[in-house]
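Just so it is clear, A, B, C, D and E label the chains in written order, and each chain counts residues from 1 on its own.
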Amino acid sequence: MLSLLRRYPSFTHGVHLPDAKDDTCQEAIRQFPFAPVLVVPLSQHAGKPSVPTVREGEEVSRGQCIAAADGFVSVPQHAPVTGTVRRIGLAPSIAGAMTPAIYLEPYPGSSQEVAEGEPCNIDQSTPDDIVAAIQAAGIVGLGGAAFPTHVKLRPPDGKVMEVLMINGVECEPYLTTDHRVMLEQTDDVHTGIRYLLKATGATRAIIGIEANKLDAVDALRAAIPADLPVSVEPVAVKYPQGAEKMLITALLDREVPSSGLPLDVGVVVVNVATTAEIGRLLPHGRGIQERVVTISGPAVGRKGNYRIPIGTPLRFALEQVDLSPDVSRVFLGGPMMGQALSSLDIPITKGTSGFVAFTSAETRASPSEQPCIRCAYCVDACPIHLNPSQLGLLAMNAEYDRMADEFNLMDCFECGSCAYVCPSHIPLVQRFRVAKAIVRKRRAA
Amino acid sequence: MTETTQPARPPVWPMYRSLVGIGVLCAVLIVLVFDGTRPIIARNRAEALERAVFTVLPDATRRVTFALVDERRFEPVTNGSGSLLHAGFDADDRLVGVAVEAGGMGYADTISLLYGYSPAAETIVGMQVLTSKETPGLGDKIQTDEDFLANFAALDVKLDETGTTLRHRIETVKQGTKSEPWQIDGITGATISSEAIGDILAASSAYWVPLIRRRLEDLETGGIDAAP
Amino acid sequence: MPEPGKTLDIDTSPHLKSGASVDIIMRNVVVALLPISVFAIYLFGLAALVTLIAATLSCVLTEHLLCRANDKPSTVGDWSVVVTGVIYGLTLPPGLPVWMVIVGGVTGVGLGKFLFGGLGYNAFNPALIGRAFLQAAFPVAMTSWYAPLAADRFVTLPSSTLTLPFATPVYDVLTGPTPLAALKFDGDVTATGDLLLGLTSGSTGETGAVLILAGGLYLIARNMMNWRIPAAILLTVFVLSWIFHRIDPGSYPDPVFMLFAGGLMLGAVFMATDMVASPMTGLGCALYGLLIGALVVVIRLWGGMPEGVMYAILLANAFSPHIDNLIRPRVYGTQRRESP
Amino acid sequence: MPLPDLPPTTPTDEFVKGLWRENPVFVQVLGMCPVLAVSNSAVNALAMGLATTFVMLMSNLLVSSLRNFIPKQVRIASYILIIATFVTIVDYVIAAISLELYNALGAFISLIVVNCLILGRAEAFASKHGIGMAALDALGMGIGFTVALLCLGGVREILGSGSLFGVALFPEAFQPWVVMILPGGGFFTLAGWLLLINYLKERREAASVMLQETPE
Amino acid sequence: MNGESLWSIFVNAALVNNFVLAYFLGICPFLGVSAKLETAVRMGGAVMFVMLVSSVCAYGINLVLLAIGAPFLKLISFIVVIASTVQLVEMFIKKTSPTLFRALGIFLPLITTNCAILGLALFQTNKGYDFGQAIVYALGAGAGFALALILMAGVREKLELASMPNAVQGTAVALLVAGILSLAFMGFAGLGA
């Protein structure tokens, strides 16, 4: 209780959300069974899709590289299961369009032993070796953005990475994957930090964790190796604390410049689950073939945190956890920034941090939009101090250029806080998304 | 009204010709009208003034206008500007009072008024508002409220022993509380406007009354000499 | 597990809503206004009751009928017009002829709100536009006040209330000046105790300062009112009048009198805080409050009228777009605001 | 502010256009200062309207008859000179007719000089047309202006003073709406007329669209 | 002779008897140039400046006319002098400060037909102000004009994003706002006393 009274560092503005994490935060990570067919998309990350290195009908073993990276901003894919390549063809994706994927059928009799690769020995590797190893492991940001991690570890000339920041905030409601990883894989986290420090040349690491996960803070603190320059800092429970910029402000009191990167203030931010994955895989030279996913929400019967093979069809995963027939919405990621799915026929990918399913009871017809009453709730919520009310009015009048030129539209990172608090039920962030797309198009033209 | 630039300089003579021509034409028109209307306007003004003077000096039948010359003596004038006084005479050519114009800031805009001073009674004997933009229905009661106007039938402006200052400065009091002859009974609801009248009268009388008393003979004799 | 053919609802994030809504905010404002209305009825009896009902009904009906006449759905359901109506009623003198109450209500909502595009676009507080119109149109009726706690207030209506439409009201009961008018025109100072308890003449709802503050605190506690506005107004009035009172206690009233006399409390808490017409940022609200407070002091001390809260708020409403323009929070990651 | 030249039309048309289609106040929104300032009573409105009409008529006549004589480089200066002359004349004439009216209209008679309507007519019409047409144009515009002023002055006097042309219209008990004589009332009344006219226009346009769309 | 204090003249000209909102002077630019804040600010500045210059000129002309006894030339000479003053000012600014010239742009010639300028010249003569009073009067009137213009522009910019009924848009809404501002300015009544 005392912890509630302590003031933890934070950023200004933001919103307090009902965190809805109690259902799953006590649930230890459980291994998931293999689906009859696994679908591994070739594009699970930002950047160029990977190129298959297997042929249809070929047998693969779990952990084997089945698609190679295509250039620097790209990562390879590894087989999530020992089995046969059924087909290399199109598969539905989250975005809606069909994308190329490798269909694998598990080999029932296999022990499913994960293939060992060439270990990356930290003491004998150069930073470039580590970066290459991270790429070879197929590691992308597991927080949801799925940006290839090795790319941001290479600073452009003249930039210095001073601080490695490990993001264990997990401010989205319902999601507890990072929480569980921090509790159960403390050593992996620290090993990962060791790799990352060496790769980036940063002198210290900070792990930022929201104060509603103090058990994770304690666990990680207790496990800090003596020689590792790392500290674990609790931050205030506030949305969107998990955004890179907000976390940097909270812990270092630095502001990432508008349209700049954390690098501009000497920081590189890596998600804690990604870090743990680096620590878990690199010593064995393995690649990502599964990940921890929270499946929660009122429509889910067996809520929990599951280690699920990449490529497991979502429909199969939800069958395993007793999804209610009354389900009306399924969100990929959390309910604040996650995407509502129109179809369950998509595979789980590296960027999938969780699924939240609502029944029709929680999603009654949303109230109709009313005129803005300038209550300024959104102004007090916006973490980057925009004026969403004014932006919303301008958006309604299609004044997109003014939004960008006078009111810093392009700084919006779509956290949704404004739309969450709006008493007039104006879909503010939704309109900003459209406006940003239009402005980007106009500027490109 | 943008002009396209001319390749050659336009001829100057037609411009002079037309401007001067129009100027002459206009001058002729204006002077004709000015000359034609001047006597009528002067008569209108005189009549309006006369009506006002006779309102604030109920006993007067004839008016002579004086100007203060060199800050110390009054001389009759027929036409003039600056500080003017209008002496009112009765049928026997006796000076019955002096009408003084005064003005000052009211509630909305400047108020100008005319008041009559009787040297014999040493009181103000009448007041009329000439122009005011006071709120209709509220502040304009200073022109219409009979109880208020009754204040000015006899308002004490006696001088003290020195002869240079008023014994009691005129003041406006709350409606129904007038107790002294130099007080004005205000109007409830038009407090500012009625106080403004009091302030204008107080300032003007403090200046003019000692002057008039000192140079009374100028007015008495001047009036007879100037009588048509 | 759902049937394979079942379609899922989709929309874009965020998928959570805070539960705040315009009508909840407005209903809470009405709740905060109720004790003040009840106290007004206790003080002025049937006159206050009739004024409040006529004011609220005229505002609500005007909005409803205008929406209907323009083939739009009625916006009465958002409760904002009820707030306008009740506040408007609270600013009127009890005993104002009902027909005048209706004229002001129609003007305030029709001219001050509907013509500007309805809720959210009214650049000025509609209740105050209605009142300002009446003040300019019927200055005598708007400055005729009944004394509070008349013995027969619950049995008879003052003769003025039911004046025939378009006729001049006749006042048969003794009227009492408001504390500010008494001070300005007669130099009488009202006892502080009466002021605090609200036992003075004045507009229907302006006298119960304690209840007004309580209502404001309720709304502030529920995050439905920007506390900076009333705080800045009251503080400015207090400090400025304290300075002048110190300089010349004879000419300038003491700060406590300035705070509790007249419509300052009602204006600061319920009218200046109209979200639509006030600035959006914290600093902007403080500046806006400062402006209102300073204008109130200037008009009260040196102006022609005893009270200036209404004018001060209307003027500040006109300033609020400029305040929002000038005071923009520094956007995260920018050095300073680029001038627009 | 000059209007675009219109194709040649009939004399009737030149006269009538100022009354409604191109009404200087309600349609062109010109000459607002006197419209608002002296429309607090019908008498003032009428006097101002007639004075403006007179100045416009005379200056249109003079400008039209001198149109081939004035080089275009100095035309604006000449027009202003001519207008100012007639305004000065009107000023003295009104003072001669009634001092009371003169005081009521105040400086606004002199301010007819800067009424952009008059300069606009001289520039846009009289300088390009014959004397007869120019006179008709001035009369039409002037009467349109006067009628508009009367519309405002009438409403403001009826509500604000309970009378029209000084004649009381209502029983003694009538409560005047003081605001209508005040500046605010001037703005509101003009806004009200414009609203009404816009609304009627909109209705008519909607109706004509309906007619076009409805098959015979 | 006019004994008003300078402070009272200023407050009256700027607030109590605001040229636009109480005297209806300069309505055309007030309605025409108040849609955008930026232009309103420039116009306000230009009017303040020209008012000051023409007030000085008008004071001088009036002295001359009184001396030669030709009051009937007052109106003609005022309008001619104001028009040429504006021209001169325009040329002067163009020479000395091209930046300012660009900023004021088309507003300077527009001011010629602004009746607030001529009104100022006429009023200060009618009221019989001395030189100092005339200058303060011009400053007050200019400040009041600029204030009204800027307040109006702020409200109109805000309303630009509103969904008003069609019939209200344009001049009608500007007049409505002007009326409301005029009511609000009534609060200043009596301040200059």
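One rule holds in what follows: a contact is a pair of C-beta atoms (placed from the backbone, for glycine too) under 8 Å apart; a residue touches a chain by one contact, two chains touch by 3 or more.
The structure presented is a predicted model; accordingly, all values stated were derived computationally and were not measured.
**Student:** Find the two chains joined by the most C-beta pairs in contact, please.
**Tutor:** A-C
**Student:** What is the chain whose Cα centroid lies farthest from the Cα centroid of chain A?
**Tutor:** Chain B.
**Student:** What whole-number Å value describes the gap between the mean CA coordinates of chain B and chain C?
**Tutor:** The mean C-alpha positions of chain B and chain C differ by 45 Å.
**Student:** How many angstrom lie between the centres of chain A and chain E, each centre taken as the mean Cα position?
**Tutor:** 62
**Student:** Between chain B and chain E, what's the gap in Å when you average each chain's C-alpha atoms?
**Tutor:** Their C-alpha centroids are separated by 29 Å.
**Student:** How many angstrom between the C-alpha centroids of chain D and chain B?
**Tutor:** 35
**Student:** At least two other chains touched by the same residue of chain A: list those residues.
**Tutor:** Within chain A, the residues that touch at least two other chains are 371.
**Student:** Counting only residues that touch at least 2 other chains, which ones in chain B make the list?
**Tutor:** 1, 26, 30, 34, 107, 135, 137-138, 192
**Student:** Which residues of chain C are in contact with two or more other chains?
**Tutor:** Each of 111, 115, 117-118, 120-121, 133, 136, 139, 304 in chain C touches at least two other chains.
**Student:** With chains as vertices joined when they touch, what's the shape: line, ring, star, complete or other?
**Tutor:** The chain contacts form none of line, ring, star or complete graph.
**Student:** Who touches whom among the chains?
**Tutor:** A-C, A-E, B-C, B-D, B-E, C-D, C-E, D-E
**Student:** Tell me, which parts of chain D touch chain E in their complex?
**Tutor:** 29-30, 32-33, 36-37, 77, 80-81, 84-85, 87-88, 91-92, 107, 110-111, 113-116, 119, 179, 182-188, 190-191, 194-195, 198-199, 202
**Student:** Okay, in this complex, where on chain E does chain B touch?
**Tutor:** 1, 3-4, 8, 12, 16-17, 72-73, 76, 109, 127, 189-190, 192-193
**Student:** Would you pull the chain B residues touching chain D in the complex into a rising list?
**Tutor:** 1, 3, 10-11, 14-15, 18-19, 21-23, 26, 29-30, 33-34, 37-38, 40-41, 44-45, 48, 131, 135-138
**Student:** Can you list the chain A residues touching chain C in their complex?
**Tutor:** Per the stated touch rule, the residues are 15, 17-18, 173, 245, 249, 255-260, 315, 318-319, 322-331, 335-344, 358, 363, 366-367, 370-377, 379, 383-387, 389-390, 406, 408, 411, 414, 416-417, 419-425, 427, 429-430, 433.
**Student:** Could you please specify the touching residues of chain B with respect to chain C in the complex?
**Tutor:** Interface residues on chain B, with respect to chain C: 107, 135, 137-138, 174, 188-189, 191-192.
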